[in-house]
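Paired with chain B in one complex and with chain C in the other, chain A is shared by the two complexes that follow.
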Partner chain A sequence: MNRTGKQILFALALLALPFLAHAAKIGEISETTWTDQAIDFFTMQQPIVRTALTGSLLIGFCCGILGSFLVVRKLSLLGDTLSHAVLPGVAMGFLWNASKDPWAIFVGATAAGILGVALVGWIKQTTHLKEDSTMGMVLAGFYGVGICMTTVIQNMAMGNKSGLDKFFFGQAAALSSGDIELLSIIALITVVVILGFYKEFLVISFDSGFAQALGMPVKVLHYALMALLTFAVVVSLQAVGVVLVSALLITPAAAAFLLTDRMHWMLVLAAAFGMLAGAIGAFVSYLSNNLPTGPFIVLGATGIFLLALLFGPRHGLLPKMLRRRKQRQRIALENTLKAVFHLSESSQFKDQVFEIGRLATERNATLHETESEIRNLVKADMASRLDSRNGPEMSGQAQFELTKSGWYRACEIVRNHRLWELYLTNAAQYPIDHVHDDAEDIEHHLGEELVHRIEERLENPIHDPHGKLIPNRESIKL
Partner chain B sequence: MRERFFPDFDWHTVFVQPWTDYSENSFWIVLMGFLVSGTCGLVGCFVILRRMALVGDAISHSLLPGITIAFLLTNSRDTLPMMLGAIAAGVATVALIEAIRHSSRIKPDAAIGIVFSSLFAIGVILISAFADKIDLDAECVLYGELGFIPLQDVVMFGGMEIGPEPVVRMAIIGLIAIGLLLSFFKEMLVTSFDPGLAASLGINPTRYQYGLTLFLSVVIVSSFESVGVVLVIAMIIFPGATALLLTDRLPKAIWLSTLFSALYAGLGFHLATWLEASIAGGMTVIAGFIFGLVWIAAPDRGLLTKFAKRALKSEIVLPNP
Partner chain C sequence: MQSSPTTNLSSKSAAPLEVHDLTVAYTKRPVLYGIDLEIPKGSIVGVVGPNGAGKSTLIRAIMGLLPVSSGWIKVFGKPFKQAVTRVGYVPQRESVDWDFPVNALDVVLMGRYGRLGPFKRPSKADKEIAMNCLEKVKMDSYAKRQISNLSGGQQQRVFLARALAQESDLYLMDEPFVGVDATTESAIIEILRELQAQGKTLIVVHHDLTTAPEYFDRILLLNMRVVAYGKTEDVFTFENLQNAYGGRLSILSEVALTRARKKFDGDTRDNVGQ
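Here is the complex of A and B:
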């Protein structure tokens, strides 16, 4: 836990670095204030801003939705493979008519992407190479072909105006209105296909064997999903770059995966996170003028992921830690109550008022520790102090008594403990001297229902294996 | 400047001229290519066996912020700070992946993707933000180019010229790799195939895992200058993967991977000369091509053999009624 904490701190520190870096940048270039720029940006008055922001939002939306399927199928890095594999297609599309015609590039890249994914599947099926090597080979091999082709293109006459470098790091401002049209169409197709075949995609994602048994066209659905993914990757390339597209597929979906167990919620959240990351990235890139958009979109997504990792209500690290702490406190409280019960029991339940010093002896604890335990009990309304004549603290003479709810809880705990001991000896044939430690753990976790069943099973016993009284519903009233 | 994608193929300019007109440069470039892909291939055999291929991909991407930060701190392009920065980045990558995996229900593949893309993004931003101060170019890191490695600084040893500094450096890394391989071969073998057995023999698998990760970072950082961060993955995976299609024995696979590396360097160089393309790209294309050949025509496991066997089998099993 401690080590993890340190590692996360380190990650946060790393994250802070770029922000420092661009803070310096803003200082140099901006004359208006930060908020003015934000208003300027989000009202989208300049057409170039409008294109960049709309594009980033659409990209975040598509990638978020489609990435969710990759993440739940443990195929996250297929997105990475895909984004590298489209490079030769991009170059090919560029060669087609020697200009940055979005449609030609789109067709070429999609063909290359689908070929890449098909090759991953095919190599995996026909050799004993593992999935990761296969993906790595397709990724690097296709990318190598792409590099060859782009270097050749750059040596060719039309290479100078190619703008192919935008495909590596991404600049949302490089998006043209043609790209936005393409993006909107892809977003629309994605939504229609996912909504139309939601059930089918759900089944193949979680249990493709079952899907096959149901007679679903698993292969067709798989390749349909891959085709959609390729579309999304290809249209995102210019805004976020080859390397970072995979982050847009994985990170928002992973953040959503931390927050919910329901696929439809995951899709909604991932789409929202993707759009948020897109907006953040486009905005920061706009603020800093000449920095590429892609990395900021990615860091935006990473930020969202870290927030989900730390604060997610169910799986977040912080809530988990708090829950664990709360449980530890409850157990400590219950152990104190149990000790008080034992004190009372040793006087045949005649004593109702106890000295802190005696409790400390009973618990084998220092006076100081016992004081704070009693304070916790009082806070939980399970005990009250009687008088503080003899000096309230640290004398050991100070007295307290349990409130009604305190007594009730104390009896419950002791009942749980002794009932469990009896159950272990009677029903599970444990030797009598082996049952205490087990009962010590489980007494804090037995629920009312289970206790009831055990009581019935043991025919409402009165004494535990050591001959001590099991406080039951009647005797608990005391 | 030319108009066509494929220039005319001329045996003389592609295969002879590089060795007659620029023989010295060609020699060092091909040797460097071989050293890079040979060393990567050596480490790669184990990387493949341990299913760490994509961890390697992640490490190679996160080197970018590592070397950038090292550069910003020391303001020099010396080997040592770069190397330390890269190793730190490699270790941080693996540690972060493990941290995410252990502290949440995120699967390893997603954890890898999240970590490397974030680190790479940080690197790109740092480079663009300090573009005026940094002598590094993100694109150069991404591509790398064997043709541009500095050949002027010649290393002298005992009054003798040995070779250009980058080549000598890579040769040293390669020799270290061979030395490590020879001294820890048994341990690496056992921990790769059966970590449980290794642990019962008193060999700590985690230690070797981290050792391999460390050395992988070293190899990647010394290679990226020549082949770029993405193609270094090709150099790591292709030789081993191709060799493992041909044999089941690790020592033989290692020999074969070295042989393939030599082919990549030689043929890739000539392919790039012909097309006037990136040499690293050319090497990768050759690597993919050789893998394709082996995949189709390997004696035991090739597609052809498989189809032939299947055809033969169906003939025997299903005689005409």
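Here is the complex of A and C:
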């Protein structure tokens, strides 16, 4: 729960970002309308569209898969550290031959990323600082150095057209065919390594001690994963930007984590979500000139996460609410049945037809409320009305009886209640006047198996602590 | 002087575990000193000692999870790395994140991974074995359950099933009885006895002194060094325990102990305590 809470906060904070980025560019809106641009995007006639889209899809794919391992290993901050730590390397790679040579930047950034992560490990080992503070420090330190370097480069003559600023918020349209080549290679390596060593990565992520006991090269596998992650971050920079690439690692994986309980499905979903987010980002940023891609990719991913959070079948908020409502309705239904049972019991089970008015008195409710309760019972096939007037007008004299299944359920609820009271007084030594409220609640939740175990433990009792009969299905029949 | 590590000839019949003059240190501060140990085949050894005595450290050192400062460890006459498939492991339950997206069967299947090379997926036979192991710990009906939806005792049984799936000859178990219900405790001990009957060797870290003499036929009393090791009736004496716990034995555990010892001297088959 704690983890989900943090993820929500993180996602909400990210929501604000695209608007900030957009605001800065508002003066530069171009002449073409966004509908033209949209049509342009979907026909994919322009090579620049194809490049941007392919790149964003590949990036989403890699980040989704590798990010899943970060999320399940509670290393989310590592993605952040890595992405910020590569910035000095990007600048160095650019200085190598004063151009945006993808390979030079790749080598520089990878080296810087590995240096950053190694530094985190080293500080953690030599001091008693904890990992989170170490990461926060390294992240900011490297980022500061990187900003200084890129500012210097941009102020230099050659820097004017460097496009280094694209590395901050990302611009998919700035991807070159060389970038795509690199991206495809990294995506291929990721697929081969993760598929080939899936079970190894699964075990080291879940239980690294056990993995080592199995004789797996845990350290090698760990560094392989970190290397892949560094590659993915570095090749994503161009399109997503240094600041937001960690969100692309974590958010799709977090959404997948909410939707499934199996690791391999999480990988598949996270990859799909990452690709979807990439496509959304590439599309929106193409609609208008100079819109950065990164924020929109992240916005897309955050949208997917919010959908998963709200509508996920098992952990989603909405299904949870519906389930709770359904349970409340069931409990109300069962309470009505129980009241009918008490009515019948007060006549030594001679009465089998009941007046709504009497039930209302027993339930301490208005006629109107009781009427709607009976209607619910009829709907659930647990009661049937005996009067011909099935209309809306109410009358205290209107009669109903329980169906067979209604009567069974009523008996079960009363049995659960009385058994539990007896269990509490006998086995848990509760005073007799302490047990009713607890039983009121537990009667709706006791499963058949548990009931049998309690019955066995109490040696199939007949009377509850108040001396009342504990019904079983055979003893009381209509 | 102890003779040098066993020759190749005797490796078949070598002791499941032989430890000679083992010292393990965390950042130069030794946690285990000069441990000598030889564990015969088919025994259940309880590793008992106060907190910080190095019980888990010993288990982890045996499996090479920790660097060894000096001395050597032989598993079936070989270094651990060469005997990996003959050793099963049950780590402490708290050592993993139970929110991890796997179900009970996935976890048990991990026990088979040591036998599969890279790129190999678990086969149908592996899945059958895993299912059988879940059945042995009476968890087969929970196979598809995500592991955070299991109780503590059930989680521990899944870990035990995973070790069973390793089909090993020597089992190392780190506190398998911690935080489990009475049903699970008796289910686990039943399985341990069964494993012993099959000629397997078990080393179990345990911290409940009252049940120790009932569960184990050999006891290793540990407090950074070997305080005493041998057959339970020889080792489980009040003096030894006082030595191991360094006078830190509280009155409560003393009383419990006296009771346990009385039981032990009388009839061991009776349940100790309640």
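The rule is simple: the second predicted complex is superposed on the first by the 419 of 478 C-alpha atoms of A that agree within 3 Å, B and C clash if a C-alpha of one lies under 4 Å from a C-alpha of the other, contacts with A are read in each partner's own complex, and residues count from 1 in each chain.
Just so we're on the same page, contacts are C-beta pairs under 8 Å (C-beta built on N, C-alpha and C of every residue); 3 or more make two chains touch, one makes a residue touch a chain.
Just so you know, these numbers come straight off a predicted model, no measurement behind them.
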Touching partner for A:Ser205 - first (chain B), second (chain C), both, neither: second
First (chain B), second (chain C), both or neither touched by A:Met266: second
Which superposed partner A:Val298 touches (first chain B, second chain C, both, neither): first
Chain B versus chain C as contact partner of A:Ile147, first or second or both or neither: first
First (chain B), second (chain C), both or neither touched by A:Thr35: neither
Touch count on chain A, higher of chain B and chain C: B
Which superposed partner A:Leu317 touches (first chain B, second chain C, both, neither): first
Which of chain B and chain C A:Phe197 touches, first, second, both or neither: second
First (chain B), second (chain C), both or neither touched by A:Leu139: first
Which of chain B and chain C A:Gln348 touches, first, second, both or neither: neither
Overlapping contact positions on chain A, where the chain C interface meets the chain B interface: 3, 74, 257
Chain B residues within the chain A interface of the complex: 1-5, 48, 51-54, 56-57, 61, 65, 69, 92, 95-96, 99-100, 102-107, 109-110, 112-114, 117-122, 124-126, 128-130, 138-139, 142-143, 228, 230-231, 233-234, 236-238, 240-241, 244-245, 271-272, 275-278, 280-285, 287-288, 291, 295, 301, 303, 306
For the chain A and chain C complex, residues of the former touching the latter: 3, 72, 74, 196-197, 199-200, 202-203, 205-207, 209-210, 212-216, 257, 260-263, 265-266
Residues of chain A touching chain B in the complex: 3-4, 7-8, 10-11, 14-15, 17-18, 21-22, 24-25, 71, 74-77, 79-80, 84, 95, 123, 126-130, 132-133, 135-137, 139-141, 143-149, 151-153, 155-157, 165, 168-169, 243-244, 246-247, 249-251, 253-254, 257-258, 288, 290-292, 294-296, 298-299, 302, 305, 309, 315, 317
Of chain C, residues touching chain A in the complex: 60, 63-65, 81, 84-85, 87, 89, 91, 95-97, 99-103, 106-107, 110, 113-114, 116, 118-119, 121-122, 146, 162, 166, 172
